[in-house]
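Next, two complexes with chain A in common: one pairs it with chain B, the other with chain C.
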Partner chain A sequence: MRVIIDGKECEAGYGEYILDVARRNGIHIPTLCHSGALPGQGSCRLCIVEVAEAGKKKVVVSCLYPITGEIEVTTNSERIYRMRRNIVRLLAARAPSGEFIKKLREEYGIPEETRFKVDEKEKCILCGLCVRACEEIGLSAISTVNRGTTKKVAPPFEEPPEDCIGCASCAYVCPTGAIEVQEFEGKRVIWNRAFELLKCAGCGRYFITRQQYEYIKNKHGIDMKEPLCDRCRQKSTAEKLIHLL
Partner chain B sequence: MTGTPNNSGKTVLVCCGTGCLANNSMEIYKELKKRVEALGPGFAVRPVLKTTGCNGLCEKGPIVNILPDDIFYCRVRVSDVDEIFEKTILRGEVIERLLYLDTSTGRRVRSHKESEFYRRQLKIALRNIGQIDPASIDDYIERGGYNALKKALFEMSPELVISEIERSGLRGRGGAGFPTGYKWRQCKRVNSFPKYVVCNGDEGDPGAFMDRSIMEGDPHSVIEGMIIGAYAVGSKKGFIYIRDEYSLAVRNVSKAIEDAYSRGFLGRGIMGSGFNFDVEVVRGGGAFVCGESTALMASIEGRVGEPRVKYIRSTEKGLWGQPTVLNNVETWANVPVIIDRGADWFAAIGTDRSKGTKVFSLVGKVKNTGLIEVPMGITLREIIFDIGGGITGNGKFKAVQTGGPSGGCIPEALLDLPVDFDSLDRAGSMMGSGGMIVMDETTCMVEVARYYLKFLSEESCGKCTPCREGIRRMLEILEDICAGRGQEGDLELLLELSETVKEASLCGLGKTAPNPVLTTIKYFESEYLAHIRDKRCPAGVCRKLTSYRINTDLCRGCGLCAKKCPAGAISGKPGAPHIIDVSSCIVCGTCREVCRFNAVEVIGGRSE
Partner chain C sequence: MIQEKRGEDLSQVKSILDRYPRERRFLLAILQDIQKTYNYLPREALNEVRDYLGIPLSSLYSMATFYKALSLKPKGTYVIKVCDGTACHIRGSMDLIDEIRKLLSVSPGEVTKDGRFSLETVNCVGSCALAPVMVINDKYYGNLKPAMVKEILAGYGGIRGDWDTK
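This part shows the complex of A and B:
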């Protein structure tokens, strides 16, 4: 199936998202709430593009718009640029202190916000990736709570979450570094809950929380005799393979 | 006036909708019932007492309607019960003072059906409301209920049902006006089971109660519509999503479902056919956004009520990823009538592209408020001035807000606009679910826009950036303008943000949210400029930008304003012009309201 993106002819599979086709063809579309590992959400709206189909133009999010016919996509028209710039401005007014937002603001030449009230300390842009990641792991220990302007990400009742295993996947996927993780003296603190860290049996480095180790063991039925970090596990597998050869 | 002294076969309908109940109508019903039960054996034919659903005339409630003479009493009190029983029920006499007052003629009419308010209406979706006891399935059947279902099941193929709905031109009454028949056909075409039908009863617009009235007053019409729809698309399971605040609607719909099961209209082998269908009520938590179809489905599934993108339609992947037809309460209520009376009959009503009728809740500064059902294509002028009876207190019309919080404000110049889906869209507003708020000269349009954006900023689900952050910032600007902190460039910024929110938002809530701002800027720009540049609120609403002055030429010195002023800011000798002390005035507007000589003038904010 052929589509035209910014004048360039591209090959796309039926139902493939515009964003994926564009990236494969070296066309840059900015994203915030997109992660290749998680299902799309379409919440940040940064990846909006213009689609012309049967003579009609519409604005869609490229991360979730499936290609099902011959369409022409414009990723950076004047109109799209103007709206994307507004979205960056709105995000920056909400959460100005994240590095990624600062970079975007520079890219779009957005001056220091003077018209709106700004909370300088806020980092979260409410993209929802953390919630999605936790859901995908199968825990849903955190969720968005409230709605409208009071919406935020929090564990139930804003207490240290019972279902959390301290894996910090939420912090890992966060594009703006809004979720705080502290590690010290063999402990990891996240969402106001402290988790005991286990050492790698190979290199002796702290690398996993006890709850995470147990969860993986139970969920996947993998009985690791002793916890091994990614590197040491690879090493031990490789050694086993050598013996076999 | 005296009626025929005939007490045989009388039916007394006591409105027990939410509004009338709040005004003690259940007590009226019980008192009447006591007296009827106490009647001696000399009465061969006893009067039948019934409670009905909401007549949509809540302002005039409690309502008691006596059939077959159709004597319509308004604002009935418990203390009136004896008189109604003795005079009207037993002797057929009419009690003049309780009759409906027709504001257009100033005369009381025996049946409100004789009034200008009623005569202009055409009841299809509201056909049974006020006439039947919603708790009685027999009442519904007596008025032709479940005939359409029988016809569909035994005389029509699913295909024929769909083409009948298509030919009728019925469009979704929930707001967007999507062609109902086409939606059903899309769903039928998808070869994936199970399929679901859903009724959207999450009516969240402030001041709107069309759907509530139908669910409370005629629940079987919705259920029958859904069974027919399910038969047409091949679904076996339906959900009626009702916001939990509508407790009476939840109760009446649940009772109706129970009764429909017991009569074999629901369940296995409906009416002896081979068709099975189950339906259940789901109670919503009352979030405005859950009226959005995909958020509603998420809510039914037990997830957070947030919408998803609709590039793949719900008719293909809806509830639990299965093909789903979701229609609004009013849409479902129209279905049995269309099947029963035929597409041609329905299509003859309304305009070329908007068929049938629409229910509106007409509220605000009009003389007659309430639920109205009118043919599509009627003009706003007819609705407001003929049915509504014009502006209260002989004030001057300023604007009408249609379509709920994210609808637009339509000015006087467009009063002859026909009310249909497309005309309202073109005027920058929308049909929405049918809210209609009339505003007069004492309304500040900037404040109106601010009010609606405040509502929307709180009710936005907060999932996508343009809606959550955009509305919030637009509200911030409007609050500034209303408080006298408006800046040059604010209007341009509002327009630019509006474009982004409208185009880039995820769901219908965001996509329509800028409408109140866009239409007020388009039609009332000078009012914005007066706020921003002259620091003056022409309507005298925004307190920071308003002060009052008494026009000494007009003031007769009656002293009423001084008497009513809660701040004691007005002084003057009787018979001589009074003066307002601006420094102690709290700008409440009472003086302006009470002055009979229009002597209180609105001027700009006091300089501080």
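This part shows the complex of A and C:
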């Protein structure tokens, strides 16, 4: 199926999302809540584009809009720029502190917010990617709580979460760095709970929490006699293969 | 404000749970029933629900904090809802709230010390023609004047103690 994105002809599969096709063809669409591992969150609205189909133009969210016909997409029209600028402004008013938000604000020339009350320290844009990551892992130790202006992401009763294994996936997927993780002296502190870190049996680097190690072993039944970090595991697998040859 | 009571009798939670299949979609109905029975959601009850439905505690907490009808802290035996929608606001709902505050020494969102009344403001109860309106549990009181509040509250036993010195 043929689509035109910013004047460039692109090949797209039926039902493929605009964002994926654009990225494959080297066309940049800004995103915040999009993660390759957890696609289709669709909450930041930064990736809006203009779609022309059968002579009609409409604005859609490119990370969630499936291509089902021959369409023409514009990712940076005057209209899109104006709308996206507004979205950036609102996101920045909500969470001005994240690095990526600051960059976007500069890029779109957004002045200091005077109209809304702003919490200068806030980083969270409430996209919910962290909640989804935790759910995918099978724990759901955190969720969104309250609603409206007091909505936030937190563990139950805002206490150190019982169900958490300290894997820090939530912090890893967070587009604005809003979830704090501290590591020191063989400990990791996240969501106000401290976890003991284990050293890699190969290189001796701290890399996994005890709870995470146990969880992986139990859930996937992987036979790990000792914790090995990614790099050392690859090395040991490669060595085993060499012996086989 | 009243702290969560320790060692709440949870036998009724079990009978509530027995009425529902173990499916996630009944979560809200279960929480509503618990709220109705205990006037709030005791923490141990939430743990029971979690174990019964096999869902994470975070989903329960998320729902319990989302809906205004659910509360994690004990509410009073009588929940006074003063409508502060546009019509009621214009017709003096703030005066009603001030009067209740004076009589019961509670502000919106709080419970009286004896645990009998809690005061809330709501955005509309759909009875604008009766503005200003106050609802106590499920009973509606319309066309109110601040002077009428004392008698209505007396009908619910008022606040214990020296009622008339105020």
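The criterion applied here is as follows: the second predicted complex is superposed on the first by the 244 of 245 C-alpha atoms of A that agree within 3 Å, B and C clash if a C-alpha of one lies under 4 Å from a C-alpha of the other, contacts with A are read in each partner's own complex, and residues count from 1 in each chain.
Note that in this section contacts are C-beta pairs under 8 Å (C-beta built on N, C-alpha and C of every residue); 3 or more make two chains touch, one makes a residue touch a chain.
Just so it is clear, the structure is predicted and the values come from calculations on it, not from any experiment.
Asks: Counting residues of chain A in contact, which comes out ahead: chain B or chain C?
Replies: Between chain B and chain C, B touches the greater number of residues in chain A.
Asks: Identify the partner contact of A:K117: answer first if only chain B is touched, second if only chain C is, both if each is, neither if none is.
Replies: First partner only.
Asks: Should A:H220 be classified as contacting the first partner (chain B), the second (chain C), both, or neither?
Replies: neither
Asks: Quick check for you: in the superposed arrangement, does A:T144 touch first (chain B), second (chain C), both or neither?
Replies: Touch partners of A:T144: chain B and chain C.
Asks: Would you sort A:K56 into first (chain B), second (chain C), both or neither based on which partner it touches?
Replies: In the superposition, A:K56 contacts neither chain B nor chain C.
Asks: State whether A:K240 touches chain B only (first), chain C only (second), both chains, or neither.
Replies: neither
Asks: Which parts of chain A are in contact with chain B and also with chain C?
Replies: Common interface on chain A, chain B vs chain C: 143-144, 146-147.
Asks: If you look only at chain B, which of its residues touch chain A in the complex?
Replies: Per the stated touch rule, the residues are 287, 289, 304, 306, 308-309, 311-312, 457-466, 468-470, 472-473, 476-477, 487, 493, 496-497, 499-500, 503-506.
Asks: Looking at the complex, which residues from chain A come into contact with chain C?
Replies: 139-147, 155-157, 161-163
Asks: Which bits of chain C are touching chain A when the two form their complex?
Replies: Residue positions touching the partner: 43, 56-62, 65-66.
Asks: Per the contact definition, I'd like the list of chain A residues that touch chain B in the complex.
Replies: Residues of chain A touching chain B: 41-46, 48, 59-61, 64-66, 79, 82-83, 86-87, 90-91, 93-94, 115-117, 125-126, 128, 143-144, 146-151.
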